[in-house]
Amino acid sequence: MRNITILIHCEDQKGIIAAVTNFILKVEGNITYIDQHVDVDQNVFFMRLECELMNERWNVESIKVDFQESIANDFKMSWQLYNKDQKPKMALFVSKYEHCLFDILGRYSAGELPLEIPLIISNHEDLKPIADRFNIPFHHVPFNKENKIEGEKQHIALLQQYDVDFIVLARYMQIITPQLISLYKNKIINIHHSFLPAFPGAKPYHSAFKRGVKIIGATSHYVTEELDEGPIIEQDITRVLHSHSIEDFIMKGKDLERIVLSRAIRLHAERKTMVYSNKTVIFS
Amino acid sequence: MRNITILIHCEDQKGIIAAVTNFILKVEGNITYIDQHVDVDQNVFFMRLECELMNERWNVESIKVDFQESIANDFKMSWQLYNKDQKPKMALFVSKYEHCLFDILGRYSAGELPLEIPLIISNHEDLKPIADRFNIPFHHVPFNKENKIEGEKQHIALLQQYDVDFIVLARYMQIITPQLISLYKNKIINIHHSFLPAFPGAKPYHSAFKRGVKIIGATSHYVTEELDEGPIIEQDITRVLHSHSIEDFIMKGKDLERIVLSRAIRLHAERKTMVYSNKTVIFS
Amino acid sequence: MRNITILIHCEDQKGIIAAVTNFILKVEGNITYIDQHVDVDQNVFFMRLECELMNERWNVESIKVDFQESIANDFKMSWQLYNKDQKPKMALFVSKYEHCLFDILGRYSAGELPLEIPLIISNHEDLKPIADRFNIPFHHVPFNKENKIEGEKQHIALLQQYDVDFIVLARYMQIITPQLISLYKNKIINIHHSFLPAFPGAKPYHSAFKRGVKIIGATSHYVTEELDEGPIIEQDITRVLHSHSIEDFIMKGKDLERIVLSRAIRLHAERKTMVYSNKTVIFS
Amino acid sequence: MRNITILIHCEDQKGIIAAVTNFILKVEGNITYIDQHVDVDQNVFFMRLECELMNERWNVESIKVDFQESIANDFKMSWQLYNKDQKPKMALFVSKYEHCLFDILGRYSAGELPLEIPLIISNHEDLKPIADRFNIPFHHVPFNKENKIEGEKQHIALLQQYDVDFIVLARYMQIITPQLISLYKNKIINIHHSFLPAFPGAKPYHSAFKRGVKIIGATSHYVTEELDEGPIIEQDITRVLHSHSIEDFIMKGKDLERIVLSRAIRLHAERKTMVYSNKTVIFS
């Protein structure tokens, strides 16, 4: 049996759900998941649908053509149709922090993540031994203000060479270039170690400590040109006490970063996220 | 504009969603909410749908008749259709604990609950002054093992007199009779002061303290004949420390009971709950 | 038996704990709670101690004199000693929002709060019926930019008349004057409806909605001259979904505001808070 | 500078804190942490204290002798004094589940855990490649009902050979023998995949699914002869929805198991746990 996932968004109109579900009926699909969301203020409709194709005579490519012609044109839809069995390819960008890298590679090795990791890219060589330990190709691409242009070229060449679908910045401490952002729009996931929009930028744990907050957080978001301002995918928090030092904040924060980033990766890889107006729709 | 809510459940079959959404299209309804759930193991389909009726010529009663004939018969559906503007009537049963009563009446007076409270019933007179303060009729119905039958008669008479839709036991410390349960099947909501199925029955905070748990909880569920075994609507928890006494557990637990019960009341009153196999589907 | 609570802070020095516990031994006190905190960076020591006085011949006033002479002078301590049986008096300031008021008065009536509420002050008359319902004196003091000076005079006169120990702003929508803040330093508690420092100022739920956060919060803090910048006493959060409207945020936020404010009130009334460097030490 | 940690428990008596802090003063220690707990019902006193030894002339061994003679004898204390720089040695027992193993080894490699892992013991060979990847000696000790006695002998020999201080069962699916339990009393940590005491024993996620709970949990506890009945060290929970399958429960549960077990390991390794009456005191 073949499973497909369809993501749709368009202006909200009468009859969309009926039209889509009638179409699935026509191609002999059995709907196993359907969820929709309407942004009433902006009059935008979003839908996520999973179905099993029950009859061999309908193949995915012909369904795509048919869907475009018989539905999408009429409703002026933006849509994607994914074959669930094709795992997306994820590039990992890292610098020197190892906790998120260990966590992701551990989950990956344990078969918990529905994706492939064809390569790891880093501006430092420090974490190469970890990549080696998990047998993932590791590419050292020096990257800083001075060699940005050369670094960007290498990044893009590598991403194309490995046919990468999306990028995860696992505490990668460099600014992503606008060109790379535009090539991977809403496909670069960052983990920021604060409860955004509180404490954007550098050293958020130090700022949180200074402010005397009782709760710290971590935020996973898509990268946009505005630093730490992109659409939020997932957030979580943990309590802190007056007795905790900055080191305690950092240690507790690492657990948050791991969990929040891995949830965001899973949501993206399962095609459960849609982006609009700098916000996300997250299907559960 | 008139708003309706439809709840459906039936055996899972191809084409249900298409049929229902086509029907809504026919009666010129604008779907503002649709969610469905399929229990794959048991092959049961559940749907909740809200829509605005855009055209005056479709009235609710004729829609009901039409829905039964053109859809529900074919799919052998169980279904309810509610006019959203008709608030359900809730009877409150209390004994001597006042914290949930104060919380519910405070929310009710502040206009936070989409329901009406026509009466409060109690086996004691202790809380009458609170009912008076909020101007809610208070009925004292003595109830214990000895006068069960007489008490039950009075309960049923009062519930019928006030045209009650559902019952909330706000720390009412008596066993509900099987007859009343069968009259209000899946319409009696209890709050139990533990994280069920841990610590059913009496004195759960004492048991939790003795066991040395690090987290305590509260559980709201529909009442069935098996004590504390009914379908769970909502649960929540809070952390406890070794330094907390049983009195601290009880105090912290009161906050949980208030929150969990009020969430369950809201979910039920907004018709966001469906029951099957001693479990609930909770639409968000 | 008499119970006392002692709060101490001073420069960190060797021997403080030994000196204090020796003193308690001398006055035949039985320590039932002791906790301390050292801010290592700033070299400040904090302690909270509860004890039962076992021997009638030691009275609270003579203990105070003795403590000052035999301990506090040597260590240059700031300290307070409270008789636990004397409940602090709390003034409630409200405007038009009723949810926190109902919650506090419900808890107060149920005997859950270790304090007295001698009066409610408001710049509007809307909530007077609620105060009446709970038999609390309600004083209408019009307050806005124009009549600030006159209003402040009335506030201070009322607070003195009722011998008020601390003030709670239960969604009171006015700026507190610097004079009142200085009279009640670290004794005015506000509830802000966001997870500070995110979304200070007006309409935080609207800002949170626009930013697309996945978690909203509430923050209770002591009022200082910098708006929403005072020492944080307590924070909590709840999850939100893309499907939630601003109205849903507000409704869920009300639950947070109630809980967070009532926890902060209890902490303050039980003398479990100490303030320094715009932060709080919260003893558990 | 040398740092020591002292854990004390004894019958509650007047003057303990004064005596202990006077002693620390005498040996020129600077207290950096002190916390105490009194179980009022059982009249038991607990204390945890950290200090820096400021003067070279006091060595740890002579302090121990002095403490026993000048304090512990008088108060009939049970006590331990640890040199903070000596990391405890932890043996890992695993079977076939790899998620907790990956998580612990990742944290260990990243330097997050204040302990040493000299060996991994398993009743299967499946996870040997992971141990190899992290360069930890892996010992395959077949263990089941038939070869229990032989297996136990090997376990004990290995634990002695590697000088193991405590044992962690990282989803080790075998019953620990009473002899091993008595050798490592309150030193064997298990992770159970439910919110105990709900759902003890096998297949707790299946039971939770069947019961229709809205929250699932994980519990880390010391192993005693009563299965899943030992003193609880740490618990945590996560929400589940009606739309989640058993597989979803298991996946979400894995995150809980990882987090809860790693917190318990850290607490034990930092000597922040004390056990009595089948409960734990957890110092923060």
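Order of writing sets the chain letters: A, B, C and D. Residues in each chain are counted from 1.
Note that a contact is a pair of C-beta atoms (placed from the backbone, for glycine too) under 8 Å apart; a residue touches a chain by one contact, two chains touch by 3 or more.
Chains and their UniProt names: A, B, C, D = Formyltetrahydrofolate deformylase.
The shown structure was predicted, so the numbers you read here are calculated from the model rather than taken from an experiment.
Shared contact partners of subunit B and subunit C, listed by label: A, D.
Between the chain pairs C-D and B-D, more C-beta pairs are in contact across B-D.
Shared residue numbers account for over half of those found at the interface formed by subunit A and subunit C, and the copies are therefore classed as meeting with the same residues. Relative to subunit C, the most remote chain by averaged C-alpha coordinates is A. Averaging Cα coordinates per chain places subunit C and subunit D 37 Å apart. Subunit B and subunit D have Cα centroids lying 42 Å from one another.
The set of subunit C residues that touch two or more partner chains comprises 40, 241, 243, 284. Against subunit D, the residues of subunit C that register as touching in their complex are 14-15, 17-18, 21-22, 24-25, 30-32, 34-36, 38, 40. Subunit A meets subunit D in the complex at residues 98-99, 102-103, 105-107, 109-110, 112, 130, 133-134, 241, 243, 251, 254-255, 259, 262, 284.
Taken in their complex, subunit D has these residues touching subunit B: 37, 40, 195-199, 211-215, 217, 231-237, 241-243, 245, 277-282, 284.
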